[in-house]
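Two complexes come next, and they have one chain in common, chain A, joined by chain B in the first and chain C in the second.
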Partner chain A sequence: MTAAARKAAMATTFDPVAVRCDFPILARQVHGKPLVYLDSAASAQKPKAVLDAMTAAFETEYANVHRGAYLLSERATVNYEAAREKVRAFVNAKEPAEIVFTKGATEAINLVAATWGRANLKPGDEIVLTELEHHSNIVPWQLVRDQTGATIRVVKIENDGGVPTTAFAQVIGPRTKIVALAHVSNVLGTILPVEQVVEMAHAVGAKVLVDGCQGIVHESVDVQSLGCDFYAFSGHKLYGPNAIGVLWARRELLEAMPPYQGGGEMISTVTFERSTWAEVPAKFEAGTPPIVPAIGLGAAIDYLSQFDRAAVAAHERDLLSHAMHRLSEVPGIKLVGTAQRKAAVQSFVLDGAHPHDLATVLDRSGVCVRAGHHCAQPLMAALGHTATARASFGIYNTTADVDALIAALHKAREILL
Partner chain B sequence: MSTAPTMIAPELSFDELVENFGLMDDWDDRYRYLIDLGRKLPAFPDDLKVDAHKVRGCMSQVWLMPGRTTAGTFAFAADSDAHIVKGLIAVLGILYSGKPAAEAAQIDAEAAFGALGLDQHLSPSRRNGLVAMVGKLKQYAAAA
Partner chain C sequence: MTAAAERTDDLTALYQEIILDHGRKPRNSRLVEQASCTAQGNNPLCGDRVTVSARVSPDGFIDDLGAEGRGCAISIASASLMTDVLKGRSIDDAARVFRAVQGMCTGTHDPDHAKTLVSPELADGIDRLAALSGVRQFPSRVKCATLAWHALVSCLEGRAAATTEPGHAQPDHVQP
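What follows is the complex of A and B.
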């Protein structure tokens, strides 16, 4: 079936069972049991299309980009820049120059904190974060806080893991210079009210950075209609390879920001007295960039784009509600994160068992879940847990995976309790 | 006023443990057995579960304090909030508790966990935690 025909067929129905066949790793077993992969929020598995695109890049069109005057380098450059255009279209940015490739979302956020932050923050200014942020959206701001004398203010979450706009309204004020928030919580799955926060922040002249690692995976993102100023995400959670991330920002912001790292590719001229910078986005891509990972990310976007993403989102919502329903039937299981608006991520704890033990025993049944603080220690403290177990769902998961998790949990209870 | 913790006094030898492990058919049973060993550990007083006794490098919480048996040999008390880690503590108790301190400081715990086949069944993060516990025990035994 051609991609177009397949997209047409998928438009009304989405068949995750067929999708599973595109992901070679899902055919393997662990500990003699079929693999039930429920840790896509940590890193998603890769479809064969991504692996093939990367192999082809290495096998047939590999050289360094932007410099060689020979065919291979030209081909590699074209492919690398084509990946940038795919990302642009995927997030509906105005132009490819607004897409900066980084090694991950962490680097993308560090880039903004270090460059925009150092250039714009001063004592008395406030950086607004939420209680549910990943460490990657906390620590870079602490670094720039300590360098600039700005302060960090924290928006509290509610008991169910929701963060209502009223909570933001209590914290965002005239001193706010930037609000940095997750699109979707990596621990609780809570979808944050980004559009409303953008409106509030812009009303006081503050910028908004969205950590989109979990958001872009579960819904289609249009940075222009979202209205934010920065959107960061990683490739490996989006069914692409790791070592590639994206920072989107509007051109005028990128142009006004000083460079992040110095090196090759990011300069226009260099003398020992001074250097001048290349145009964006090259200004922020010092050194040889992640060429093949970028091509792999482009292939992942192509792969995802063949599906009706609304149908995929509906499928994931069904999985989540099935999971929440069935998990609450297991004696001793307590759901952590039950906000009204949620993506397909569910944390839980089992009375009397440590989440690590739970994850270890579930693994024996072939079920992969994450256990721990999920790089969100302030959130764990707010929730009153030291750790949780987390099941997260991707495009290839089915209700059979949820049922396998439940069966494994019953067995784990019998072993652990 | 803190209560003194009760030192771990293992009921079986390491060879017996290896034999018992070998008798079991699958890892579900071995985990059950390990967890049972952990459950039999003497209680570790809550008021001693403080940062000073915490073993750094473990993903779950572990508290560990050195001491001596009535015979004067090396011993320790420890606890964790995770069942499997408590089981690992029990295995360490079998290895370390009751040995002369000089001998305890020389124990090759890695080889012992290898003999149980446990090394291949622990996640890297748990292995790091185990290495951290073994490091503490070596340090305490050498200083005893």
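What follows is the complex of A and C.
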């Protein structure tokens, strides 16, 4: 191998074992066993770089932002706005003003439903959702449906959890005003055909909101090439802290939307007769924003940016295929969600054992999986399950974690069956 | 005993044969005919649901009791054992057994103490319900073990719904 070839190979290899050292919590034991954390889709663990950045922000440069005429406030403002720029670059938005900080993805979607939705939806208009949406991309639309008289139409999933473009084509039509869909299913791992849906929706003049909570974790996201109108995600699933989320939208949309909440920060002038709004994104950031969580999210993005994300994605794909293979070898295990295009999230059920019982037994082996409806009750109904167990993989998981899951499942079969 | 063995013991104490048996083959898993009261228990966080129905005689005896629903082994077994033990007993007995079970599940009462809370002829029932006390080592599962019991209390008090989560009562989940 030539030196150049070796260097190229180095750039695309990714060492999850080394990465594990960056995450302090992974050194601990649970119930006397090494921690095997397979619930990153619910919330990811945090690298020390994020914890250090947040501690430093509190210890050395903390004050409220955009207000004080003193050094600390200026420094906090610079750091907060630097985080916005990091997010902009991370999703390749045109300008930082298109990045609105929220308290989470849920608030980001509620913001769009409540402001864009109330201003643009009327009776006869249709909101298109898919069957696999998380409750946070269903309920906000039901609220605005009830306020505006619009209707909700649902795109069906296939048996393997895939959502082909033909399924969208059956539902998107001249009455469609917005399509709101997950980038990646939090339960099944299905990657949805966002680019094709955007084409279809834009052809009928509809907007597209992408719930990117899982999508942005597993692949690099370029909002301009995706072509969607809104992209929402949370910080805590991206190895950042919780209490911070992001809404990206194109500037002209944000400018045309009415404010979400009223308060400080979001105004230009206030009198008792009328108030005027600040420029975007401040118009949507009423009150003291999540300053340090935003700085933590910026640090998480810095942390992730040191890796070749394609190599990370390849590692996660390997983990997924190892997991799918080994899970199918366990008697009685049925995989739920086997679509062709999938991210590293795998639901499963075990014949004769409820997922909650399974999760309890796995926990005593140190293995953390999620069990339940995963905030996707309509999807569970469509699949004919009341609950599933779900293993989801992150940057720090290894095939040894998968093997620990399998060993724990064999033990669970002994105890529960 | 090693730490690992203790943990396995926790699990075997939780998933005793009686729990697995009642979880697989729940007794009285039905709606009672000519029920005098019905209530649904709902844990919105995990999706477990149980519908408890009872036919109560004018002199305050539970002539028939059913509990049907969906959920984990613990919640189904708990509902099943509840109907087995309380069918034919008085409403007052049911209230005492409820407190005994609650105490055993949360770890405030051991089974011997729980027996002192109920009439002597229910001591045998408490022995069987003591299987539920395995959840005391699993705080996140206590709600599974008590869901049907909360629904029973609602049912006997004439309320339609019980929930394990304050503020989550869902009128639309109430059985007609």
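FYI, the second predicted complex is superposed on the first by the 407 of 417 C-alpha atoms of A that agree within 3 Å, B and C clash if a C-alpha of one lies under 4 Å from a C-alpha of the other, contacts with A are read in each partner's own complex, and residues count from 1 in each chain.
The rule we apply is simple: contacts are C-beta pairs under 8 Å (C-beta built on N, C-alpha and C of every residue); 3 or more make two chains touch, one makes a residue touch a chain.
The shown structure was predicted, so the numbers you read here are calculated from the model rather than taken from an experiment.
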Could you classify chain B and chain C on chain A, in the superposed arrangement, as clash or fit? clash
Going by the contact rule set out at the top, does A:K48 touch chain B (first), chain C (second), both, or neither? neither
After the superposition on A, what does A:I415 contact: first (chain B), second (chain C), both or neither? both
Winner by number of chain A residues touched, once chain B and chain C are compared: C
Looking at the overlay, what does A:M380 touch: chain B (first), chain C (second), both, or neither? second
After the superposition on A, what does A:H356 contact: first (chain B), second (chain C), both or neither? both
Touching partner for A:K156 - first (chain B), second (chain C), both, neither: neither
Give one of first, second, both or neither to describe whether A:R326 is in contact with chain B, with chain C, with both, or with none. neither
For chain A, what residues appear in both contact lists, the one with chain B and the one with chain C? 31, 353-354, 356-357, 360-361, 364, 372, 386-387, 415-416
As the complex stands, chain A meets chain C at residues 31-32, 352-357, 360-361, 364, 371-373, 377, 380, 386-387, 415-416
Under the stated contact criterion, what part of chain C meets chain A in this complex? 3-4, 7-8, 10-12, 14-15, 20, 23-24, 45-48, 70-74, 138, 140-141, 144
Where on chain A does chain B make contact in their complex? 31, 353-354, 356-357, 360-361, 363-364, 372, 386-387, 411, 415-416
Write out the stretch or stretches of chain B touching chain A in their complex. 27-28, 31-32, 35, 59-61, 80-85, 123, 125-126
